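Next come two complexes, and both contain chain A; in the first it sits with chain B, in the second with chain C.
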Partner chain A sequence: MATLATTVKPMGANARRFNLRRQDTIVGWLLIAPSLIIILGVTLQPVLSTLYLSFFDASTSVNLPRTFIGLDNYTNLLQDPVFWQTIGRTMYFMVTSVGLELIVGIGIAQLIHTRPPGWKFLRISLIIPWAVPTIVNGAMWGWIYNGDYGALNGLLYQLGVINKYIPWLIDPARAMNLVILADIWHTVPFVALIIQAALAGLPAELDEAAAVDGASAWDRFWQIRLPLLRPAILVALIIRSVEAFRVFDIVYVITHGGPAFGTVTISYLTYQETFSYGHLGRGAALSFLVSIFTLGIAFIYIRYVYRPGEGA
Partner chain B sequence: MRTLSRFVLAVLVFTLSFGSAAYAANRAAAPVTIHVLTMDQAAMPNDEMDKVAKEFMAANPNVQVEMEYVSYDALHDKFVTAMATNPPPYDVIMVDVIWYEEFVKSGYLADVTDKITPDMRNNVFKTAWNVVTVKDKVYGMPWLVDTKYLYYNQTMLKAAGFDNPPKTWEELITQAKAIKAKGLADYPIDWSWSQAEAAICDFTALVAGNGGQFLDASGKPAFNDAKGVGALQWMVQSLNDGLTNPSSITSVEEDVRGVFSSGKAAFALNWLYMYQKAQFDTKESQITGQVGITTVPVFDAVAKSGVKSASVDGSSGFSVVANSPNKDAAWSFIQYLTSEPTQIKYSDSQTPIWTTSYTGDKLKQLEGVQGGSVIIPIFNEQFQYATVRPRVPYYLEGSKALQLALQQALTKQKTPQQALDDAAATWTKLGSQ
Partner chain C sequence: MCNLRSANWRKHFMGRLVLFAATLPILAFIYLPIAWLVASSTSSRVELSAVPPHWIPQNPSLQNYVDILFPGDQASSTAKTYKVTLQNSLIVATSVTAISLVAGSLAAYALARIQFRFRRTILIGILATRMIPEVSLVIPLYVLASQIGILNTPTVLIFTYLSFALPFAIWLMAAFFETIPAELEDAARIDGCSRIGTLFKIIMPISAPGLVSTGLFVFLTAWDEFFFALIFTSTIAAKTVPVAIAEFTGRYVVDITGMMTGGVLAALPPVIMALAFQRYIVRGLTAGAVKG
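Entry: the complex of A and B
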């Protein structure tokens, strides 16, 4: 074949290769076109129309007039102390929730990785909190925290830790932390399983070599395995951070944003503005600001955590 | 293979043509379906509402009624979201008294002024018509006339040495202290002070009981004057004294019913619906037969001026959704649901809107229903003292600001004066827009 190729003009060969690649590209696009159209149709149109609405003083009712007000919705929000307090609360939720999930998740993943007796059962039972729908999870924890007949009160009372039932959710800061706890219980399995899968893919020789060289267990974990887990941690971090920033249903079900606005997150605020107060334009502007914030968070992660070339 | 594929093709063609013929036939005979969105456990329990729907369907075979129940706090938002589609997914909706102004402004409700006959006008409570009327036009049929009552645990009161329920809030505190001292209840009083409309209901009753008002005559907030602040200060104090259950800060009416029905509270404010469940339903209550119900107290100074009670109005109506393609069937169902015979038949959970029900034979019928001999007289006594919350289109947003103020005062983040002043500032801003 090689001899044949040298007798053909180089121009022609190049043209044939180019054609083939082009054909491949076209076929590729045609194959994904149907799903692409559906996805863009379902997500792009609402996104664009939300952006459009955010420049109007619009009511949720289609019967009321909509006046164009340019960037007023955005400037009003950015000057509103309630907005910044809510962003602050949401950031607290995100950082605490994701931070604790990572630590516990990596711990559990490491535990499974060492294959203790019953590790298969541990891995399977880990799915259960993750499988519970968030609404059900919220309702369940809401009842656990109930001040008059909650399970948490019952347990602590019987253990003798408290001598009187405590109304857990009436303190704003404590309510926030308890909602975070409910969220952590639900999503730790997700982080644990991602990290565990990555751990299983790490070459065992690195670990063994380090052990032979006299590295302690902690050093082996901290200096060798953890850096190699960077891509997996990044995946878990981005997905969980974006989800945590946008948290809504668990807050809605357990505390309805109370007490005293103590658990109002930015998504809850958006929902309230749009559907309870009917300020559709303001709600649209809020949604966009939320998107910009989450993009910013993802950008920071990729900039500081992602190291290209490590096979993410 | 070719015979097989031909056979398959034949089957496909046959099924499709039969299917479309059946579909066409089905469409021609399809009954009108109306979708009703209403509140979960409003006054009549859901199973009784379902019965009414069945009765209506039996009497009107070409109308299908599909009932949907959601909790009160979700009802408003669910409806508003649903109204974004045209035609709307609901034909009939239960509207709370505080939403009428907002929904009419948003164009969600059909004007039914010309469907109201003089008979209907004259035979229904005037205050009930006020609920569904906005700017002299009628947008629905009154259905529920309700107010909050003071419930008390008769056994606990007797055990503490009290033969009668309190007439003033000061007297209630005295009784509560005695009950707590005797160890009969850890927290004698339970309220619905969650960050929700429920708290505003309680606050409205307390402010009125202190001689104050929500808005003044010119529509400006008056709840932050001395009387309003005094009411809130009293609420905070009852928490400090350990007389009010701290869980009240996260409770709504259903939670109050749970706590009261399990015998943990001596006093509770709630709507009429709690009476049946707490007094007679052994599955729902541990204190059946021990429930007392009386008018809501007032503060001493107001009692001395001759006003016996102050409570809050929690009425609601049923309305036809504007743009509904089945307006006539919808109105027909509403008429049936709110008709005098239906209301009398199911009067164990709610009192009729018809003044004509409270005389003669019909009155005997009402009083013959389980609990009726207690409910009817107390309703007649209490209803005249029901304070109506402000009827403004921005009520929900204003109410939220006031809910926040109450919560901030109750969780000691702000003083009552400061919290109410901040809420008043929001109300003023909303009123000027």
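Entry: the complex of A and C
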């Protein structure tokens, strides 16, 4: 009797569990279905269409015949010095902007962490530039940089740094740096808030123990907190790099890619090729190259960050 | 003893003072541009062409706001239609938020809690879509939208915005769901609750903060979006606020007062929301980004 009961019971439970699991699978797919359909429709399908289009010589006019030219759009782009100049400019924007954001952001996070008088006000204040829409941010800085009436000229003139107004956005390299400054104003808070939250989550005992052992505040930052912040810093680095590589809005509103193409980034070039010059096939190839690069960063993200329970 | 204490105290006080002094340039960097934006929006066009600038407007007035909200004949065409673009932005951002929250939280629950095949593949696929630049979606979507005849409607923006909003919402909600202890759910299921019943009676109420965070992020991102709106809308029927602001810069004239006033009006809703719900913002930032 006893043996019979023990052999029968698990079988029944197994069958029930199997049923439940199958039910689960069905419910799971039902829950995902609406999102999956939308995502496939508005992202996967267009991406594949763009890839397909990039093998054709196609112009904006839909009625014109399209000729299949294989990889010509890609090889033409890769041999075009303009393409590489634009990549270089975009990399400059990305590295400078993200690098400064990380340094300033980590600095601000660390400052808030030491709880100086007014630290709560500082933390709340950080949310404001983050929440200001990108286009408003661009419009605001564009007006600050204005060569005739801008605040930057006014301030530097009154401080005696310059003795006449300077048309800031006339020089390509300077225009790029000023766009970067505007971008930093908008994005430093994101880095600072993420790092500050990570700092607040670190065990305080570690820091205290090191302090008791005589480690200076400087050493404790470099030797203890910074290594523990590595995952948070990596996340901020990757998210911001992807965004910075695709920068478009702020360039559009401050400089329109000018002067002399000095602020044309890869997204801006793609926009021009596609919508100003009507080179649909070439624009598609360009946008696909942008995707490949950002997916490369995504791959790093998945590989090194998306590891549940990986720890620091 | 007493001397030692006062020396320590002084050292401590000096340290705090240095730290406090360090916050001042940061606060200046944050607030000076905003102050200039607000000052410009309350100045007249004549006053803005002063050299050097009047840092504090001599005749501050809300006339620019009146001009935008109740435009007269002399207002620029962008100023005349600004109110409608605010309305368009609100419709689009609200719809995108609602759809992303409903569809996204259902999908996120399945991905976070139910074991089934391709689960991990889908999760990684969703993360990958977050990396796809808008520019590589825009051509086919444009062709499709013009074929269906929905260009220049809020509908086209709502659908195209889902391309970034929905994967983002799923990712963030899945992160929130994963923090809910499984025992809670197991207890409900032993009591005879179905999956769906557990989801709505147990999981959703606990996840309210997560829903608020996710909703905020989606709304702010949709309100901020510029590229799709620039491409897909050229008439007042669907044009959003960011496009309107960019258009204050005409080919020959720049309507600076309009641009700055429009800028303040466009920034107010997201800034107020972010300040009112700052705790949710920080929680969302950490949940969405710093995972694992």
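A few notes on this one:
Everything that follows uses one rule, which is that the second predicted complex is superposed on the first by the 268 of 312 C-alpha atoms of A that agree within 3 Å, B and C clash if a C-alpha of one lies under 4 Å from a C-alpha of the other, contacts with A are read in each partner's own complex, and residues count from 1 in each chain.
Just so it is clear, contacts are C-beta pairs under 8 Å (C-beta built on N, C-alpha and C of every residue); 3 or more make two chains touch, one makes a residue touch a chain.
In this text the structure is predicted, and so the values were computed from the model without any measurement.
In the superposition on chain A, A:M94 makes contact with neither chain B nor chain C. Contacts of A:S59 after superposition: chain B is touched, whereas chain C is not reached. By the touch criterion stated above, A:Q272 is placed in contact with chain B alone, chain C being left untouched. Touch criterion met: A:G147 reaches chain B, while chain C stays clear of it.
Looking at the shared chain after the overlay, A:I124 reaches chain C, while chain B stays out of its contact range.
When both complexes are overlaid on chain A, the residue A:P259 reaches chain B alone and has no touch with chain C. In the overlay built on the shared chain, the residue A:L169 is in contact with chain B alone; chain C does not reach it.
Shared-chain residue A:I180: touches no atom of chain B or chain C. In the superposed three-chain model, the partner touching more residues of chain A is C, compared with the other of chain B and chain C.
After overlaying the two complexes on the shared chain, residue contacts for A:A109 are found with neither chain B nor chain C.
Once both structures are placed on chain A, chain A residues 62, 148-149, 271, 275 are touched by chain B and, in the other complex, by chain C. For chain B in complex with chain A, the residues that touch the partner chain are 73, 76-77, 80-81, 83-84, 86, 102, 105-108, 186, 194-196, 245-247, 249-250, 255, 258-259, 262, 264, 394, 396-397, 400, 404, 407-408, 410-411, 413.
Interface of chain A with chain B (complex): residues 59-64, 146-149, 164, 167, 169-172, 255-262, 271-272, 275-278. Residues 16, 19-20, 22-23, 26-27, 29-31, 33-34, 36-37, 40, 48-53, 55, 99, 103-104, 106-107, 109-111, 114-117, 119, 122, 124, 126-141, 143-144, 159-160, 162-163, 166-167, 170, 195-196, 220, 223-224, 226-227, 230-231, 241-242, 245-246, 248-249, 256, 259-260, 263, 266-267, 270-271, 273-275, 278, 281-282, 285-286, 289-292 of chain C are the ones touching chain A in the complex.
Those residues of chain A that touch chain C in the shared complex are 21, 23-25, 27-29, 31-32, 34-36, 38-39, 42-47, 49-50, 53, 62, 108, 111, 114, 116-119, 121-122, 124-136, 139-144, 148-151, 153-154, 157-158, 165, 185, 190, 193-194, 197-198, 231-232, 235-236, 239, 242, 246, 248-249, 252-253, 267, 270-271, 274-275, 280, 283-284, 287-288, 290-291, 294-295, 297-298, 301-302, 305-310.
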